[in-house]
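The structures come next, written out as structure tokens.
Look for chain A in each of the two complexes below; its partner is chain B in the first and chain C in the second.
On to the complex of A and B.
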């Protein structure tokens, strides 16, 4: 009896201690993530300049649909999403399949080289790309010398080419990063599956679509969700390569939130509304991607 | 057919590798050239590294910016590792239904875009400024606090704790260590590689953090490296040689960390997905 009570005492104490282990983290996440999220929700129904905010109902939300800059930023974000994310994912997958060949020489060199962009600071590489793609930058100089173009391409100041520049830049930065996930997944696939397929006479293409792709599905899901969330939050690159311009040709939702809060006359309420639009988009896209991957599994 | 396939494989990988490395080579070579030569499209290294370095030291406050970034990144890394590993350990070792539920709620914070909480955080630190200016707007603490706890890192430690041999806990308890003693004397030394991987990812993301420092740091002498580079990059009459040298110097710490600890780095990235 005595023993049992002592045991319970220890258990209760361990229980309290066990909560102590996680307490700090929980408190910090609540203060610096969830509390601001609730604040932002409240602010999204308010309007005014600076800290003088008053409730305006859903006015901010209806304003979104008439706001040309918001629509432009939304459109740009979608273009980046639809064009850049698939290109990058396919490229990362393709490179990792090539690198996974056991007989490949210089594997380490290729892997390190292609991964290298992923260790650079977003600001640093953006500035380098801005100079490379300047009107008189190295890319134009080389293209002109090779007679591939007759006039310099306005990589930064033409609305169409500026988007291309951003897409090229992000693809350069993140392809190697995503490749690593595919590589580590490929290394876990048992080689005997492929041997069996070969004996059955399956072509390399069929091996890829019937074996590799299904096994990589969780990684495809993971990389497309993280890339989608990353694209919806795009800021550093546009800020440092094009400043969102020309006009609003490359601006993103995050940059618009920044401008609304810290560049123009601060309108924190409306900025919060725009940020909730981003949150809603992230939730919708993540849900869709999960759904898509789930259906394929079934 | 096989030969052609082999040739195309090497060709494709070589092009990919060259495209990936080229901006680095151009940065290094430009850091040794005069600004005029960089604009003319000179690719080969020149003899102006010394002159560029002198200009960097004379005209740009790179020293203070490096020092600010170093202070912030190192402090963030130490605190982040402590908080996240305690929590990851707690969630895994002392599992319970309630804790699992809290854990899933914490994971939701990974979906929160920073831009969405940036304004409320700014107002929060604005309020703090009025009471305790030392940890309010324009301070190192304000940069560190919001980014020091991430659900990702807690998740990372929890995943790795699954591989921690549980009988070592019993051994520690029998030896009379209390729970915190077990954590610091047994868990931490055993999980060195996990800590190394976590340290690298945290240090790099802190060193490169841009948006929040841009919002919260206002005086020029508090600027971190990304803010300095961004500022130089938007100047109207850029001295390319000098700017490239600054970027090169700023990239060196992360590049060195990467090359020394490449294995840990990759483990840190992929460990959480497995």
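On to the complex of A and C.
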């Protein structure tokens, strides 16, 4: 009896001590994450210039549906999402399988080379891409010299090509980053599975689709969710390469938030509304991807 | 592993604590608590910063105790820093004096009404060009001290003109249609493009519209004035004609723009006088340039050969040290004719201080421009610039117009284009 009480005392004390340890983290997370989130939510129901904000109810949210720029930014973001994310994921998977080949020489060199873009600064590489794809940039000069095109392609000032430029740029920047996840997952796949498959006479393609892909499923899910979130937050590349132009052919939601806050007469309330639209989209997409790609353990 | 993480976390904490401490120290140094020192933010080292340094030297003779700290920031950075600083309600880290572009001025003055210091008693507003006073004041109070004129003209290669059978005299008092015709001829004879344009920048539309005394907004500075704006309608038509005349070389940013002229690829450019140093940077083209007055719209009445583009003014923030800052501005840019002469000879900056125009520097011929008295010409056009209320929404509306301009160039009917732009603008600005 006595012992039991003493035991409980110790348990309570341990509990208190453990709580004390995480209390600091909890308080900090509340102050630096949850408090701003709630403030932003409140702000998304306000409108006005600069500091003269006042509550306008759900007007900001109804304004979203009529806002041509918001809709254009949303459309662009979807185009990037639908075109760029699959290309990048497939490419990352393909490259990682190549690099995982046992007989490949200079593995370290190739892996580093392909991962290297992921460590470059977003602004620095964007500026370089802008010059590469300029009207008289390297890409145009090369294509002209090779007589593949008769006139320079307006990579930055044509609405269609500007989107292509952005897609090429972000694919270059992020493929290597995603590849690393696939590479680590591939190394966890037991080689005996492939050996057994080979004995059964499975072709390389069949091995890839029937063994590699299913086993990579959790990673495919992970990379597609992070890439989706990344695309919805796309800002640096567009800001630096095309400034969202021509017109608003390449503008993104994040850039629109920036413009609303800093380029135009600031309306932080409406900018917060657009950010919450991004939050809602991310939640929906992540949910969908879980449903579509995830299984019991996914 | 855990220990390592804890160690790492602790190091990060300590490091960040240290760095924030030194930050605070830095801010205090730059901030106005200490009134023997004032801080100024501006952009463009070849123009605004140079001008400020001249003013600083000038003022040192009058008040040697005041330290003036001039800090160069990109314009976008200044706008962003002001917005974040002012909306957070803290003045810490903000400067005493800041340069703001006229197009944006009202947006700041009205969004943060308590943040700016009234300069009305520190300079005589009537000494300055009338059109500069609209953007810089609210309810009759002058918050900004007008700086560069931004008066527009057409920079043009006289040697190319000659090859095509024209002289600078043929560029006087012309309409935009005539401007395009000359351009076609120049292109035909020399193979050089006539104008360099960035499709996302509608400065041409802005100049054409302002030359009639109209603007994107009505006179209240709040209501969009797009559908039914005759000047803008004609400006759009002229813009289309320019784009379709095969005389345009596109550029995507400032460096490409300057390169287009320094390389000799493009023959003319209608823009503000602040472009002069960039043109003159290519010494090998000395004597080959001239400046013509801005062409005017032919159909819209009241169009004159003058408009301003991208001029800016100085503002004093409502922080400690504001009186010193205001005195500094008042004694230099606000009243010193000699300073304005130096600004012309040493920087090429043309101010809007009317008494200064009588000075010698304004009458000097410029060898780079074939002996033309360019400053005198710009000063003359400065006096003719129509006063408009830029209002709060220049860039918000321009982003809408840029999109609609693309639609227009792709074949959408002009009336519909302007109507759509109007309804988008109405939804955007309220």
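What we mean here is this: the second predicted complex is superposed on the first by the 279 of 298 C-alpha atoms of A that agree within 3 Å, B and C clash if a C-alpha of one lies under 4 Å from a C-alpha of the other, contacts with A are read in each partner's own complex, and residues count from 1 in each chain.
Rule of thumb we're sticking to: a residue touches a chain if its C-beta (ideal position, glycine included) is under 8 Å from a C-beta of that chain, and two chains touch if they have at least 3 such contacts.
Computed from a prediction, not measured in an experiment: that's the story for all the values here.
> Taking the superposition as given, does A:62 touch the first partner, chain B, the second, chain C, both, or neither?
neither
> Name the contact category of A:286: first (chain B only), second (chain C only), both, or neither.
First partner only, chain B.
> Scan A:130 for contacts with chain B and chain C and give back first, second, both or neither.
Touch status of A:130: both partners.
> In the superposed arrangement, does chain B or chain C reach more residues of chain A?
Between chain B and chain C, the winner on chain A residue contacts is B.
> Applying the document's definition of touch, where does A:248 land relative to chain B and chain C: first, second, both, or neither?
Touch status of A:248: second partner only.
> Contacts for A:209 in the overlay, against chain B (first) and chain C (second): which applies, first, second, both or neither?
neither
> Once the shared chain is lined up, is A:157 touching chain B (first), chain C (second), both, or neither of them?
In the superposition, A:157 contacts chain C only.
> Contacts for A:264 in the overlay, against chain B (first) and chain C (second): which applies, first, second, both or neither?
A:264 sits against chain C, while chain B stays out of touch.
> Do chain B and chain C touch any of the same residues on chain A, and if so, which?
51, 130, 243, 261-262, 268
> Quick one: which bits of chain A touch chain C in the complex? Just the residue numbers, please.
Per the stated touch rule, the residues are 49-52, 63, 66-69, 72, 130, 134-135, 154, 156-157, 159, 242-249, 259, 261-266, 268.
> Would you mind writing out the residues of chain C in touch with chain A in their complex?
Residue list for chain C touching chain A: 76, 79-80, 83, 86-87, 89, 107-108, 110-113, 198-200, 250-253, 256, 392-393, 395-396, 399-400, 402-403, 405-407, 424, 427-429.
> With touch defined as at the start, can you tell me which chain A residues reach chain B in the complex?
Listed in rising order, the residues of chain A that touch chain B are 14-15, 17-22, 24-26, 28-29, 32-37, 39-40, 43, 51, 95, 98-99, 101, 104, 109-110, 112-117, 119-132, 136, 138, 141-142, 145, 172, 176-177, 180-181, 184-185, 218-219, 222, 229, 232-233, 235-236, 239-240, 243, 253-254, 257-258, 261-262, 268, 271-272, 275-276, 278-279, 282-283, 286.
> With touch defined as at the start, can you tell me which chain B residues reach chain A in the complex?
Interface residues on the chain B side: 9, 12-14, 16-17, 19-21, 23-24, 26-27, 38-41, 43, 83-84, 86-87, 89-91, 93-94, 96, 99, 102, 106, 109, 111-124, 126, 145-146, 148-149, 151, 154, 178-180, 183, 204, 207-208, 210-211, 215, 225-226, 229-230, 232-234, 238, 240, 243-244, 247, 250-251, 254-255, 258, 262, 265-266, 269-270, 273-274.
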